[in-house]
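Dropping the structures in below, format is structure tokens.
Across the two complexes that follow, subunit A remains constant while its partner is subunit B and subsequently subunit C.
This part shows the complex of A and B:
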């Protein structure tokens, strides 16, 4: 029974997956999509088991001070730390506001400015003020999607020396965004209507975020994980060199053929090869396009047929070794 | 002289102003059709653009047109005016008039019941009937002259395409052309995707071959002959070597998810290898890229030990989830290779750039290395760095080959018979293409 049920499920699901490829009926594909979603849920829940496995494998070694136990300890501590910084702590108890808007409380004064939409200079319109109190020097401000113009120049910073940034804007609806370039901080966005002579004050306090897009998580990712990843990838260059050195030793006829083809391809791909003979690049192209392509296609076709056969074996239940222990 | 310059300037300004307002040429050859072998949810729209320039876009509008009892060509203006304002609501004031494409010939709409009494300028006239025609802008297409629309119902639908010029602001367009329309069309549901008939034929032939070889295997199991695969034969020798050296066997299941057929093939082989290591009383360590693979691998290894009658020797902690990050996984497996120094490393499954990192590290520890993948880009690396490489289709044959079960071997024979058929098709195709110039591939798989 322990094997019959999985075999039946495999048969039904496999049959549906095959059917979906041939029947363009939307009902079939929607069932297939639902089944795939089941798979995704299973895969996601398996990550919990993965975490448990990491502890099961490493904790006993730490406890008995086995070989390289400090590394295991570092691994577990790092996993726990990343787990903790991956939680959106800033949202515990409600989403924090990144600032607030005060309208009309600052005091009103008459204001006029050149009409930015006017084709002819000289036309003036009534205006109001927007005062941005960003609270940090690296805050950037956008007025209606662009850097605001101060003294005739775009002024992207929300910090104006030791004073708050005050912008003169025409009467009407305006949108102000305040953000910082550093990843992992909140953004303040507000849209409001400015009346004539009115001052709108924006007090922003951009919250440091936690979680996968938070400051700490992104910092660790950018400054620890990404360089380590790049280092591992860079090792590949040296491994290719050492593997190529061994592979290109002409120990037998096949290896000699490989060496010959490799030399021709390498020469055909560099200017030096063309300097030796103009036909070398053509020879290199021919090797890649004809014998190499033929072999590649043969492998792909064979692999595709093998994949079909394996799929059939599993779907019809001929192959059962993946079903685990027990009858 | 000055007067002449002023006149020339005025003329140029007038020409420039006229050019700004000039409508773009409308699209030509508008073709609307339901795709072949479709699920009944799509309609293909193709056209030929007659306008040039980087900013040129084509706006596709879908109308729900109901076939009226009595239809007559009519001006679209009333129906579209509201729509155009909706579509181009952010357009600058000067372009709001957009009158050209409102004169769309060929459009048919339900004839008002009181057609004679209706004044074209009267928007409220026959309003109820007009409102039944729903419309929606389905796409703003740039750098392309076709669009596949996913329709909400069974239709019929009428499509209109017009050309416009994009401005710097999002969703703001100018220089609209006249709208060209086609329809009504309905999506079509096909009962079977005949474009994939050849694939179905291959699978059907495979099934037929499988049944026939299964019968043969039942009658005479010895009649199923499979050629030797040195890489697979080496697995048992390598496990024996590990036993002699008292070192573990490392098995890597690739870095693809469990639904990938190469991972499945790898897990099928794992069962046989685990059984072997259990019989030889050798430790096996299994490194997994995904937790779900790890869970299945653990069950398989347990099954292998159970099949060998040594369940007590199974250590669940030897089936490990390393990391779901490619190079972190490579670093983790390299750590196992360098610390535990396995005498045998088996890499079966789907690999990418980490293949050579793993294989070269294994080479440093003098382990016997057996690799197998159908990933064509990684095969050269494995061939260069490993002692044995199982190439492409051989990966899918390993499990059956190791089991020696006639039922499983029958599938290999079925595959071989299909391979023969494909060789014949390739040969015939080459001859036909050479002497007749006919592409048999496009005919079989349109």
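This part shows the complex of A and C:
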């Protein structure tokens, strides 16, 4: 039973996955779609299993102070820390507001301004005010999707020096966004109608977010993960140069051919190669297009045939190594 | 006891400290940044094909942009991404962006803020024809929207889904279903007019794949291209180029830009010198260092082997 059930599931799933390629019937297709959704859920669940596995592997080594235990401890602490900052703590107990709108009395402070839509200057329209009371010094404001224009210049900051920014706007509907450039903070968006002489005050206090788009997560990603990841890849340049010096030897004809092709490709793929000879890039392209492609196609087709054979063996239950049959 | 033989120059070569190679490579990377050779970049047919395919798009067309990468491959792939984005902006093409790499989203969200929503050609950029970003900078007060895309209006960020090939296959069948019918910010895809009826990858005019490995271009070809007859172009790391050229030759990929040199070529095509062009300068010297290392290593090998044979014969 322990083996038969997984084999039966594999058979059914494999059967539908294959059948769907050849049968345009919508029933088969909808079953396949459901199976694909299962696949996505399982893939996501694998992360949980992976987490459990990391603990199972590393915790015993830390407990008995085995080899490299401080690194394993660091690994577990980092994993726990990332797990914690990945939770949307700011939403615990309800979604917090990034601010609110306070509307003053209509006609409180009468004003007029040049009509921004008028083709000829001189025409004036009634206006009102928007007062941005930003909680953060680096807050930026957008009026109707663009930086507001103050004294003829775009003024993206939500502050006028050390004073709250007050915008004179024509009577009508307006949309105001207040945000910060720094990733990981909430955004205040509001759409309202400004009446003549009315002041609309926007009191914003942008919330620091948690979770995968949060400030801490983003900071760790930008300042720890990304540089480490890039550094590992960048080291390749040095290792390739070192390996080229130590291991890339023309010991026999095949190795000499490989070496010659590598040099031609390396020269042909950079502008310096063309500077040496205009035909070098053509030679490099020929090596890639003809011998390389021929070899690659053979490998791809061979691998595809192998995958089909292995897939069929798994589907019909002949291949059971994934069930731990060999153990 | 045999007396230790005095080291001659061949022995010294054998004991050559590889840290000198590291130093040479370090210099080869740093110096061209400050003193570029300025060699002309020649556009290869594969890169030209990518450009021509994107050029066929018209205003209002919708493309699917899959950015399957992590921070490690930024230097190689970001220049192409920026160059093709400029071209797309120039044509006012709408973009649906997604990724199948778990390590990508925070980086891509920043890219979207800095390059899709904002203008990334600086104010003092030299005059180059038709760059929407520069035009926008000039016309800021005229409220020109060109060069700056608005979320869920000009572009949609779908985000990341785990599942690799299953996700790619799922997007081929039903994109909305794969992303639970919502963009990454929670907006319903059915509320975005140009996404409402685009439920499958085949509903997009073109797929642009920027891929650093698995899952990436190869999986898109295998899972969805042949099945739905999709029009696809791609950019990959230099090391993947030879893996993917068979798909270009078979017509499954309409164009392929492999590595930093290809990005430099694309920058030339869109008339915008960026980090790809700068990177190609570094590659010029870097490749020469590797070739010299190979030649030097082989000289040591052959001289050593000749001496060994002579010693045996004696």
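Please note the rule applied: the second predicted complex is superposed on the first by the 297 of 327 C-alpha atoms of A that agree within 3 Å, B and C clash if a C-alpha of one lies under 4 Å from a C-alpha of the other, contacts with A are read in each partner's own complex, and residues count from 1 in each chain.
In the analysis below, a contact is a pair of C-beta atoms (placed from the backbone, for glycine too) under 8 Å apart; a residue touches a chain by one contact, two chains touch by 3 or more.
Since the structure is predicted, the reported quantities are computational estimates derived from the model, not experimental observations.
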First, second, both or neither for A:57, with subunit B first and subunit C second: first
Partner chain in contact with A:323 - subunit B first, subunit C second, else both or neither: first
Partner chain(s) touched by A:33 [first = subunit B, second = subunit C, both, neither]: second
First, second, both or neither for A:303, with subunit B first and subunit C second: first
First, second, both or neither for A:240, with subunit B first and subunit C second: both
Partner chain(s) touched by A:49 [first = subunit B, second = subunit C, both, neither]: first
Partner chain(s) touched by A:276 [first = subunit B, second = subunit C, both, neither]: neither
First, second, both or neither for A:250, with subunit B first and subunit C second: second
Which of subunit B and subunit C A:292 touches, first, second, both or neither: second
Where subunit A meets both subunit C and subunit B, residue numbers: 21, 29, 39, 43, 47, 225, 229, 232-233, 240, 242, 244, 246-247, 296, 300
Touching residues on subunit A, where the partner in the complex is subunit B: 18, 21-26, 29, 39, 42-43, 46-51, 53-54, 56-57, 60, 67-68, 71, 225, 228-229, 232-233, 235-236, 239-240, 242-244, 246-247, 296, 299-303, 305-314, 318-319, 321-326
Subunit A contact footprint on subunit B (complex, rising order): 37-41, 189-193, 196, 199-200, 202-203, 206-207, 210, 257-259, 261-262, 264-265, 267-268, 271-272, 290-292, 294-296, 299-300, 302-306, 311, 316-317, 319-321, 324-328, 330-331, 335, 339, 353, 356-357, 359-360, 374, 376, 379, 381, 383-385, 391-397, 399-400, 403, 407-408, 411-412, 414-415, 418-419, 422
Subunit A residues touching subunit C - in the complex, by the definition given at the top: 21, 29, 32-33, 36-37, 39-40, 43-44, 47, 145-147, 149, 152, 154, 183, 212-213, 217-218, 221-222, 225-227, 229-230, 232-233, 237-238, 240-242, 244-251, 259, 262-263, 266-267, 269-272, 274-275, 281, 285, 288-289, 292-293, 296-297, 300
Subunit A-facing residues of subunit C, complex: 16, 18, 21-22, 24-26, 29, 37, 39-42, 44-45, 70-75, 103, 105-107, 109-110, 113, 140-141, 143, 150, 161-164, 166-167, 169-170, 173-174, 177-178, 227, 238, 241-243, 245-246, 249, 259, 261, 264, 280, 283-291, 293-294, 296-298, 301-302
